[in-house]
Each structure stands twice: as structure tokens, then as C-alpha cells.
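Take a look at the structures listed below.
Next, two complexes with chain A in common: one pairs it with chain B, the other with chain C.
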Partner chain A sequence: MADHQPAAGILFTLAWRNLWRNHRRTLIMLIAIVIGVWAMILFSSLMAGMVDEMVRGGLRTLPGEVQIHHPDYRDDPSIANSIDAPQGALLERLNNPPVTGWAARIKVPAMISSERANRGIQLLGVDPAQEVSLGFDPTNIVEGRFLEGPDDKGLVIGRKLAERLETRLGKRVVIMSQDPDNNVADRGIRVVGIYQARLQATEELNVYGGLETLQKMLNVDNQVSEIAITGDDFRQVASWWPQIQQATGPELETVPWMELDGYLESMMKMQTSFNVIITVVIFLTLSFGLVNTLVMAVFERVREIGLMMALGMRPGWIMYQVLLESIILLGLGLLLGNLLAVATILPLEDGIDISALAKGLEMAGMGSTLYPSLRLSDMVLSTVVVLVLGLLASLLPAWRASRYNPIQALART
Partner chain B sequence: MKYIIGIMLALLTASSMAASPDPVDLIRKAMDHWRGVTSYGEMTMVIHRPDWERSMSMEAWTEGDKLSLVRVTAPARDAGNGSLVMDDNMWSYAPKINRVIKVPSSMMSQSWMGSDLSNKDISKSTDIIDQYTHTLLETREGQGHQTWVIQSIPNEDAAVVWGKEVWSIRDDYVLMEQQFWDQDGVLVKTFRTHEVRELDGRMVATVMRMQDEEKPDEWTEMRVDSSKFDIELPINLFTLSNLRNPRQ
Partner chain C sequence: MTAIRCSQLNKTFTQGDQIICGLDDVSIDIEEGSFVCLSGPSGSGKTTLLNAMGGLDKPDSGEIQVGDKRVDLLGKSDLADMRLHSIGFVFQAYNLIPVLTARENIEFVMQIQGVPTAQRRDKAIAMLEEVGLADHEDRLPSQLSGGQQQRVAVARAIVSGPTLVLADEPTANLDSTSATQLIELFVSLNRERGITFVIATHDTRVMAYCPRLIRMEDGKIISDEERTGKSGELQPQPS
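Moving on to the complex of A and B:
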């Protein structure tokens, strides 16, 4: 075994020189690998960016990663299925990490009317400070102002809704819903702010009013429809939401976002399996080129291999040398491909404007800017796939090279 | 001299006060006049659209501000459909499905029986008195009658979308016109009386039309065929069971 070390060094030198003996072929192969790796990483980072954006957007409209409701609320979101605002142990839990923001809000279906139109909406009674901690961005207010406190007597509606209602900032509209006894609860209210959202559907759906103002209108005292809670990272929710459930108690329903919005979760899972499939497909096409390069390299050198064997090189070393050639080629390709991918994606991380496709994207619940997200796991995945499959593909030519009969190989012309 | 001027000023204010009655009072009187303490009427509702027109006959009972019952008698297709209003709540009954349905708040601003009137127009008419600020704009003379024009501006939290409503009430308390203005001062729709006749001893508006001002050929007309006022009504008239199974 002692003579293995210098042998390995010689094999590496041989492999390296052999590679560059036909530098044109090697370069073409290298470029193919680089482009393949680059495409795999770019594609999966675009996909990941799309899905992340969808999940984050979905969580913003949910909102929060964990929600507490009356057990019947999700089946019948009426004001009759209200709960008390958080207090005691739950309040204590909510005000400590990992919870970074929470809001106790009224959320009931309602009608909004202007002089010319009526629309069905989701009426949200909120405390503006809590809502901001949950992720509502006050800079989304394009006209007027956001609510100033839970007792604010104004209404904040979406830009698209204002357009549909043919109303404006400063006009009065009527909101109408039902109180817990199913009586009509309505009042006139002035539009004090207009917000814009990433999705038109959100702009048309959500209408914000002061929590206390709406509690009074709906005849409920210090009751809310839901408590929405957010931590820092939607991937970490599983680790802390059982604590919230414990603090809430069994008589209320505590649900994480994976259950609240099964679509989002399955989208995330689908993306991961998609990435693997795409990576494999891209590599399969690449592998034909790789096998071809190596087979050709072996064929060209039949006499040479025969000579080496005749001089006493073991078949195993011949195989090792051919494999080494492919590893060097793959390694170089992976390195350059990864670097190229990083160099392409990093400048794009501020977002790619794809508003030309906005209509179609909106149907899938996505905004009109795509934020590619470069993740180490994607890079590792494509590197591992390329290395493993590349070695598998080069096994055949390597094995054939090692099986030559030295006499027949030398006799070849 | 000063004394005389003082008396004249006092007289002037007194006479102008006599000439400008309390607008709230006027509206209430107009409504009471239209409804009586109790009333029973037969009417036809004509719904007109650019390419079609249809009419419906109905009977209506009212008691005070808060109770009313309407039942469709013709055409046969709609006969038996009914609406019952108690306070601010409204129920409707359709014989075809044999169900009494409480009209949910989400449907209150939808059209009532396909007309230009909304469920809210039907069920809320008397809230106007305390949810608005009323001012007398002018007093008009003409056709042997005096007409008061009253402007009603809804209170800030009133569940009313209009910027203002303008009423024209004749001196015999017949409501001649009710205009609905948006908050930009554009007239949106008008409820106008086209004919006044004497029915059961009092002058009442017998043809009234709700006209959408932005679409001149879309309107709904109510024609009163007969009316009785201050009559004895059975005690079970305004009940859900009577809405479903007519007993009168």
C-alpha cells in the first residue's frame, strides 16, 4: 500500500494532462457542465423565491403563522363565534419571544356600500399598533392615513375597492354586518385612508376599522374573532406553536399556518420535489455528453492504455485514472457553475420585475416582482447530484478501459 | 320709536317662525299621512328596463313605523311571495320553496323583488327622522298648494350612503319628491310623485316613480289602486307564521 501515494500523484498528473491533450473537447464539455449547473441553481433559486414569496404573501394575508379562534369560527366566521381578548398566561406568552408580534382582531364578513355600489368584504377591527407588529406596512397607505388607535372612527380601504365603489378618501360609506343575535348592525363611516396591497384581491377584500369602534357597532364587549401571532421565521413555527396552544387551553382552537392554509404548505413541499426532478433532468442530458467525452478519450488512447498495462499498471489504476479525469472535469465545471450562479443571482436578489405577466401570476397568488432566493441547500443538492451521477456515468468507459487485453490493445492501429 | 321698531322686529320673527314649520315635524307628518296609524293598500309595481317591463300586483299592510307586510298577488308566477318588516329586520317568504328566510344584512342593500328599491329602502324609511339633520330650504307656491323643500343631511355615523336627501312636501302632507344626492353633489336617483288622488278620504300620492338619474330608461313605478287608513288589523298580522300561512 505504501506505493499508492506516489501512484496517486502520478495518476492525477496523467489524468490532468490527458484532459488537456484534446483541449477543445474538454472545454466544450466543461462549458456544458458549467451551463448545466448554473441553470439548475438559477432555476431552483427562482422557484424557491417564487414559493417563499407566495408563502410570505399568504402569511401576510392570513395573517400570522399561528391563529387562535373559537372552535366554530373557521366553519362559520360570524361575530357569534367570538373569543375574549388575550389575558393572563396567554398574554404573558404572547409578549415574550419567540413571538415577535400579535394582534387581537375582529374579522367578520360584511357589506360595504357607497352611493353607487355594494361589495362583500372582510371587515377587520384592529388595533393599528398590533397590526403593524404583525406585518402591516403603514407605507402601503397611498392616500390619507392608517388608523390612529383602536377607537379610531375612520375606515381604511383598499385602492381597488375604492375604485369599485366609486368612492374616495374623505367620503362616507356604510358598513353592514350582523350582531351576535343576527340583527343588522350597520353604521356610516368615513374613509380616512386608502392602502395598496401586493394583490388586487387583498385590496378588494380587507377593510380596516378601529377595534373598539367595530366592537361597539357589532354589540360585542372586548371580544375578538381571532388572535393572530407571528414569530420571525415561517419555517420555525413547528418548534413554538405547541407552547401557544398550551397557554391558550383546550376550549379554543390554536392552529399553525400549515393547517390554516394547506395550499401554501403543499406548494412548499411540491417545490422541493420539483427541484430534485429538474436537477436530475438537466443532468441526464448532460451525462450523455460526459459519457461521450470520456468514451472518446478512452478510444483514442487504446494503444497507450495497452502500453501502460503491458508495463505493469494494474487495471484498477486505469479505471481510477479515467474516473479521476471525469472528477476533475466535473469538479471544475461545478466550481465555475456555482460561481457563475452566485454571480448571476446575487445582483437579482432585489427583485426581477415581471409585471408583464402580472395577471397570470396573480391567479397563482403571486406578486409582480420575483425575488430569487439563493440557498446553500440548493447549491449542495445540485453539486451532489452532478458528482454522483457523473461518476456513475463515467464508470462504464472507465470499466471498459480497464478490461482491455494489453496485446490486443497494442496491436490496434 | 325704538319701541315700535322692537315690536315690528318681534312681529317679523314671529311671522317668519309661523311660516317656516319645523322640518322634522313636516317629514313625520308626511309619513304619518302616507301610512296612517294603520293602513291597507293594493298596489301595482311596474319595473321598467330598456328592453323589458313587468308589473306585479301586491297588497300591503302597515302599522306605525315599524311593522309592515307586503304580499304579491299577481302575476301567478310570483303570487304568494311576501316580505315582513319588523323594526329593522326583514323576512321574506317564497311559496315555491315554502321557506321563511330572514334577509341577512348582506342582502339588505340588494334590490327588493327585482325593483329599483332596495330592501333597505323598504325596511328603514322612518329612521330618516332621527339619523339626519333637517333644514327647511324654501317654501314654494304653485298649483294652489304650498310646497316645503327640506334638505336632510345624514349624521356622521348614520348608515346612509347619500350626501343629502331633498324632500318636497306639499301643504297637505303629500310627499311630492324625494331626491338622493351623492357626496359630490350629484343627483343619483329621485322618488317622484306623478299623480295625487283622494283615497279613503285623504289625498295620497297614487303614482310614484323611483328613477335612476344616470339611466333615464330604468325606473320602478308604484301605482296605488286602493287604500284604507286607520282600520282594525288582526293582532296576528305581523307575525312570521302569518307571513307563511296567510289568514286574513
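Moving on to the complex of A and C:
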């Protein structure tokens, strides 16, 4: 196109009018693209919602996107592997953004016994104010109250655990663990609150007592099992956890949630590959329709294409014109598909009740509500895939149109 | 000056295992500003010759010179440019792009030439006036009669000021009145603007206007008559 540029205006006019010449076909194709794009985004946002929910669920059970431990704690979570409560540089770091909340807690295995039954549990010695800052929701207390301070002498247990122990609010239970010297440390404590959690497994596992009360029982001063830290968005953790690690120093172990839970991490990876696979599969289906539409559109216009070539339109412009039709169709489909996705998915972000399926999903760490999560990145992914692959698929019909021999095309009756 | 010089053009087509002779050793010179008719029975090679002159098809051998260009040597893009800038075409039918209005069809050529919008529009309207269709500018081809469509095609063929117009059976689908109007339009353009016309036709009404009549048969030129007088000065005569 040495001496003059193709007049974009006329090519666009031609492409646009030609598209609507067979409006039924164009409309069907457009609807197919819109539904395809919408389905891609819906699927991605459901997947994202599901994975988020698993991660969030895991984090909500016992919050802490980043945790600091004694290096041996994860192998042997006994009180012997405890650390000092935060102080100095670390404390400074924890009290400033991006950290939005932290808690120093005791977390040791223990036995709990009522007069009727006993069970192994995870005993948590907490400062209730810190736990609330981290995300513990006091409205989850269904009977009684939550702890009132680190020196609270009561115990808060899960609803399911109360059922298993056949105990209830106001009753005394015995807790037994080990002190740092491996001596039995036990204590009778009154149940002052019963909480509910999304998962029964959580209700059976976690038992909360006052931090100072349990420190006394376990025979440690101002020592904790872990420091749990949280920020604004668990997805952003990768960007700031190294700062915590730096403040903590090398003697202790600082781990972000991704490393704490390999299962969640692999779920996140799977989610990304699922999205790509689904997007490509939906697109391949679409592309058959798209190529067919263009081939038909070109075939019906052989004579006109011949005429335009006879009049001096270069083959490259013919190709460009057919591609332009494809771009218009894809662009419209993408625009409407994305709008439809936003319009339908945003209202669902408050949650879809899937309790009918929840029994099976609980194993995967999910609750009975699914929160689809519409992400810009998923919208961009589907838009780019559809546009790029759509154009690639259109190249063949466009190229074929540009290869017509004008006299043969004109002679076609 | 010679507008078109063809020497020893040969062209064969193969259809199945048949070899069809399209052009057989055709040599002609056409002077600038002349008004020439190619006639002959169906299948005699008129379209084939016209297509070769317009660079729409390549001969198997021989030379074609249009103006100062060797058409047989040009590549596809150069041929497209030559058709766009120096030659006007009028075909038998389907001359217009169906989705464009009469005015837009005329503007189309100027648009791909890169003529600025305002100029384009004025020229297209002036051309429509010249072919007597000033009040039909916004009609789609399907809303025009065959004769009107052909006149729009003529307007488009000459709008960018070509020196040569090649017309292939331009009157074949027209009634007598429309055909006469069209041929008289050709004649006046030939006389007023000096545009060279080469018209392939078996329409005796058209031949009657032509000072030079070339007859073809089986791909060969069988006669080439010069008649005295300019286009249009000749009286229609029975042939």
C-alpha cells in the first residue's frame, strides 16, 4: 500500500452494512459470541469464587495469612516449641500497614473431657481483642459469650464439640496437655460460650481459652505458639510477607498461607489452568460458527468482491474488509458478553445458596454458599482470547476472498 | 498517440480436456480519443480481449500496452492501481455494490483513491447530475432500474478522470430507450472529454454509433472497419 492508505471509512461502512445484510445469520452468530463470552466469564468467576471460598474458609477457621512459628513447631506443635510474644521491630512492623491485624496465640494439641466423653482438640490460648482484629466474628457465638480478655478463666467450644461431649453452657470440662518439661498440665474450666463455624470439623477442633490463663496452666510466661498476621487481601500476601520475615529474623520461621496449605495452593494453580482450558474450548466451538459465517458471507458476495477488485481495490484491502467484519462481530459480541457478565454476575456476588450440594463440598473446605467473584483479569483473558483467536480463525476466509480472480468472480451467475 | 496497442495476443482456456481458444493472434492499435466497437458472435473473444486490455486477465503470449504501461508485465497490485486510476469499467450487469447508494458507489472509487471527503461528495453529485440521476443519489442499486444502474456505473467509471473506458455489453440488459440514452452518454463523454471508449457488444444500436467497428470470430479479428466521421455523427444504419 505504497502510495495511498485504504480508506478506513468506506471499508468500515461496507463491513457494517454487509454484516447486517443477512441479519438473521449475523444475529445468531452474535448471540453465540455473547453467550460464549458470558459463559467463559461466568465459569471463571464461579471457579474464582470457589477457590477464594476455600482459601477464605481455611483462613477463617483460624485466621492468619502469615504465621510466625518456632522452626520446629510445624513438626511438633507442642508448647516446648514456643516463641516470645512480638516486641521491638517486629511489633512495630505488625502495628503498621499493610498489616491490618495480628494475634499472638498458644496453639497446642490437648484432650478435653466431660463427665461422659473425651476428645482430642486444638487448644487455643488467645487474646480475644486480637482475634477479633484478625477476623474472628463474635456473632458466631450462639450461646453464652466470647472470652472477655486474655485473663478470662472460661472456655469457648464449638457447637458440635459440645454435642459430642454431651456437655453444655455452664458445665465444667477438663483440659489436659503438657508443659514444656513434658509434665501433664491440666485444669478444670467452665464452658462460657459455644460458637458455630461454617464447618463442623472446625467446631469439633478449636477450643478457645484466655491466653494468660493457658500460659499459666502450661507453665510458660509470655510465650506463644504462633503469631498470626493478616492484611487487606489474602491474594496480596506475596507482596508483603517478606517484610515480616525480615522483621522477624532468621531464627524464627515466617510462612505465608500459600505455603502453610499446599492443597490450597494447588487449587489456585488448577483454577488458572481450568480457566484457560474452558476459555479455549468455548472459543473453539465459537470459531466454527464464526468461520462458517464468514465463509458464507464471502461466498455470497463473490461477485461484489470481483467487482471491487476489477475496480482497482487491492487484494489486501479485500482481506482487510473481511477481517473488519469479523472484528466488528467479535467486538460487539465481546462488549455485550462482558456487559451481560457484569450484569448477571455482580448481583450473584452476594452468594448463591448451594446447600443442596454442600455435603459433598464440605470435604473440599467449602461452605454452603458460593460467592462468584468477577475479576477484571478473567474478563481481559476471555476478551483477548476471543479477539486474537477470532482474528486468526478469520484469516482463512479473508485470505480466500482476497485470492479471487476478478473475472471469474464477476462471471459467476 | 496510441491509447492501446495489442500485438499477437494469444489466450487459451482449458475446460475439462477441451482446449478453447479465447484469443488467436490478435493485434490492434486503438488511438487516443477514439470510439471503438468490438462485435462478433457469442464466444468470439470480445470479453477476453477487453479483460486483457484492462489487466483483469493475462494473455498467454503477446504484448499489451495501455498508455505508457506494459499491462502484460505488471504485477497484481500495479494492475489494481492502473485500473483504479486510469481505466473506467462498465460491465454488463452487477456493476454496483448492493449495500452502497448510488452516490456512495461513485464515491467508493474515490475513497480508495484517497480523495478528501468534501471533494468526493461534490464530484459524485456532479457526476450523477451529468448522467441525469441527480435526484437518485440516495437510492440503493436495487431501487434503480437497469438503465439507471448502468448510468451510475458510467458515472463511477469516469469520475476519476480516466483516459480509457472499457465497456462490456453495457446495453445487454437495457430496453431500447435506455440503451440509446446510455450510448449517447458515451458519445458525449467521448466528444467532450476525449475519453477513449472500447465497447464490446452485439447490439446493433450501439454499433451504429461507432466510427470504428472491429469484428471478431473464434478469437480472431475478422474485420476492422473505419467509417468516416466522429462518434455520433453517423446515422444509425441497418447492419
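The rule is simple: the second predicted complex is superposed on the first by the 406 of 413 C-alpha atoms of A that agree within 3 Å, B and C clash if a C-alpha of one lies under 4 Å from a C-alpha of the other, contacts with A are read in each partner's own complex, and residues count from 1 in each chain.
As a convention for this text, contacts are C-beta pairs under 8 Å (C-beta built on N, C-alpha and C of every residue); 3 or more make two chains touch, one makes a residue touch a chain.
Quick caveat, the model's predicted, so the values are computed rather than measured.
Placing chain B and chain C on a common chain A by superposition gives a fit, with no clash between them. Contacts of A:Ala39 after superposition on the shared chain: neither chain B nor chain C is touched. Judged by the touch definition given at the top, the superposed model places A:Pro315 against chain C, while chain B stays out of reach.
Looking at the shared chain after the overlay, A:Ser113 reaches chain B, while chain C stays out of its contact range.
Contacts of A:Arg21 after superposition: chain C is touched, whereas chain B is not reached. For the combined arrangement built by superposing the two complexes, chain A sits at the apex of an angle of 160 degrees to chain B and chain C, based on C-alpha centres and given in steps of 10.
Contacts of A:Leu307 after superposition on the shared chain: chain C is touched, whereas chain B is not.
Of the two partner chains, chain C is the only one touched by A:Pro406; chain B is not. When the two complexes are overlaid on their common chain A, residue A:Ile10 makes contact with chain C while staying clear of chain B. For the pair chain B and chain C, the minimum alpha-carbon spacing after aligning on chain A is 86 Å. Contacts from chain A toward chain B in the complex involve residues 109-111, 113-116, 118, 120, 153, 171-174, 176-178, 182-190.
Within the complex, the chain C residues that touch chain A are 51, 54, 56-57, 76-77, 80-85, 89, 91, 94-100, 104, 107-109, 111-114, 156.
Chain A meets chain C in the complex at residues 3-7, 9-10, 13-14, 17-18, 21, 303-304, 307-315, 317, 405-407, 410. Within the complex formed with chain A, the residues of chain B that make contact are 88-89, 102, 104-106, 108-110, 154-163, 180, 182-183, 188.
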